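Letters are used for the chains, namely A, B and C, taken in the order the chains are written, and counting of residues starts over at 1 for each.
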Amino acid sequence: MKKFAYIHKLIYFCSVLLNYYAMIHVQDITFGYRKNQKVWENFSIEFKDGGIYGLLGKNGVGKSTLLYLISGLLRPAEGMVDVDGHMPHKREVAFLQDIFIVPEEFALPNVSLRQYVAAIRPFYPNFSVETLHMVLGEFGMGAEQHLGQLSMGQKKKVYVAVALASNTRYLLMDEPTNGLDILSKKQFRRAVVAGMNPQKTLIVSTHNVHDVENLLDHVVIVSNKGVLLEQAIGADSVDLENLFVETVGRE
Amino acid sequence: MKFKNNSPIYMQIADELCRRILAGEYAEEEKMPSVRETAVEMEVNVNTVTRAFEWLQQNQVVQVARGMGNFVALGAKEKISGLQRDEFFHGYLPDLFRRMQLLDISMERVVEEYGHFKEASEND
Amino acid sequence: MKKIIDFARWDLAIHRNTYTRFLWMLALGAAVPTIIYLISLVYASFWGNAEMPMLICKFERTNREAARATQFIIGLVQLFSIGQMCYTLKDRANRLSEFMLPASQKMKFLWRVLLVTVGVFLLGQVLVVLLGLIRYLFTAMFLGFDSLSTVFYDYDGVSFSCFWSDIAKVNSGISRQTGGLVPSVYIVLVMMMVWGVAFLSVYALASAYKFSRGVLYGTLVHCAVFFAMVFLLSGNFTIFESYEPSPRDWGWFMYGFTFVHLLILTGCWWGAWRLYRNAQLTGRRNP
């Protein structure tokens, strides 16, 4: 671990020098929840441009784990994770202010939305209440809500809205469309488009390709062996479903 | 909006915007919805919509006024009709001719059928 | 300064339910003797037996062992209810929220420390005063103002619970024994130690880490030892009747006692900080 401390500082320094924003570097990480069961082994991946990334992969490959490793909730046993020159697991304030994760299971307290926003606002310097209301509007929800009275789907919408309103540089969403009905998935797409801007990098992990395919700037397909495919999908029509099936099938 | 696999998404968006202009939904010399609004409505990436608007601008259907947004260009309707005619002659017809060759259908037969079609539509 | 207030506000807003539940448990735990007393008041006023409340007070005064035992049990209940406070870290989703909130780890830890030490301590005192006042009020209501002097005649004003008076006795006893060798800052240290112990057992209850069980048992034993010490020192020397330690022995004993406890306390706090700082979303026992 020690030698990597130098390497990640070196990368950051070089990138600043080359005026190339070293965004998210995951280098040779190994991680497992249990002793003999490794989820990721000598795995490397890079997210170096802004925009919307689709992190696709089979169910259970470890996409959630990867997102947790990037946000510092988990620490790799070996290797290094670097986000803008920070090591996520150190949980430095400057790092935390620039990242927001929407996990599959999240907790919203039994208070009004207004109170919740008032509580978390001081921690996100770029928090925008206008963005929050706008995104809630896309979800068909008003600003006056009591979080305790919402259904799971509605809570998720609120959480996504707060994530977009926090205006952090990095947004991670773990299977955000899971559990949403078709209308809500539509609303989700609209909300993401409305709440994104070129300064943000959004990584959406999903196994439901169709839910997000038209939103993506880049697609990354992973298996537990590593990155299978990394492609910038521009405005061209890429049949993501076929691409996904082919890529994963080839492996 | 439902997208198909046969052509790039940005082209399909451009086609849809053209359809709306022809249908009068966006009047000539008037401001169109912003790139972001269009992206939200169609549930696609903003960059895709930007590319669509770029294509429309290149083909003089849309006029970009710096800092003010996208406007339907003067004469856009004619432009669009022209573009659609171009597409007919350069895209649709060659496909048709290829099919005719494959199925061994003669031009005379097609003209005959066209005659019947015209009669039928006039009688309606 | 503002940062810790922001974090405090966040913590209290987000975990309002947990803290409310904790408050109720703490209050009820402390109120048990008072409730017994109030029932005796009702009995006294309906059956005209004014002896009962007086007997209860006398019982609490004379039967120290029973009182001590009651307090020990109440203490454990309160310890458990304090555990509710770190319940916030037990739930995975809540852990995620806390870890991802943009505040320094030191700040978050400091708030939890303050909450458990100062917060609970102050709360405890407020409760005790309130309960004492309730006793006075209801005695006056049920048995009339004149009875106040007879019922509470041996009490010096509103009792700050037998526990506190014990500490006061310990302190004066020690000063007397050691001829003023041990300073009364000992009391503050003892108090800090108790709550440090409470905090660590709390965190151990909440965390998912393997060695927390050892920590938990260690702190419970520590707690038990402490109560035993207070029990012994508050004048119950029936066990040591033949042995009368000299002032010098007392001095060594007290200093040694303090030193060892300080050592354990520092270790506990440092251990808790390490646990908190290195905590991951999923521990080895809770994937």
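Assume a contact is a pair of C-beta atoms (placed from the backbone, for glycine too) under 8 Å apart; a residue touches a chain by one contact, two chains touch by 3 or more.
Values in this document were obtained by computation on a predicted structure and should not be read as measured data.
Visitor: Please identify the chain lying most centrally, where each chain is represented by the average of its Cα atoms.
Guide: Going by the distance between chain centres and the overall C-alpha centre, it is A.
Visitor: Taking CA centroids for every chain, report which one is farthest away from chain C.
Guide: Taking each chain's C-alpha mean as its centre, the farthest from chain C is B.
Visitor: Rounded to a whole Å, what is the gap between the Cα centroids of chain B and chain C?
Guide: 78
Visitor: Could you give the separation in Å between the centres of chain A and chain B, each centre being the mean of its C-alpha atoms?
Guide: Here chain A and chain B have centroids separated by 36 Å.
Visitor: CA centre of chain A versus CA centre of chain C: separation in Å?
Guide: 44
Visitor: Quick check: what residues of chain C touch more than one other chain, meaning two or more?
Guide: Touching at least two other chains: none.
Visitor: Could you check chain A for residues that touch two or more other chains and list them?
Guide: Not one residue of chain A touches more than one other chain, so the list is empty.
Visitor: Spell out the part of chain A that touches chain B in their complex, as residue ranges.
Guide: 51-52, 138, 186, 189-190, 193-194, 196, 214-217, 234-237, 239
Visitor: Chain A touches which residues of chain C in the complex?
Guide: Within the complex, chain C contacts chain A at residues 6, 9-10, 13-17, 91-94, 96-97, 99-105, 278, 280-282, 287.
Visitor: Using the touch definition up top, name the residues of chain A that touch chain C in the complex.
Guide: For chain A paired with chain C, touching residues are 33-34, 68, 71-75, 89, 91-93, 96-97, 99-101, 103, 105-107, 109-111, 115-116, 118-120, 122-124.
Visitor: Of all residues in chain B, which touch chain A in the complex?
Guide: Within the complex, chain B touches chain A at residues 3-10, 12, 36, 39-48, 51-52.
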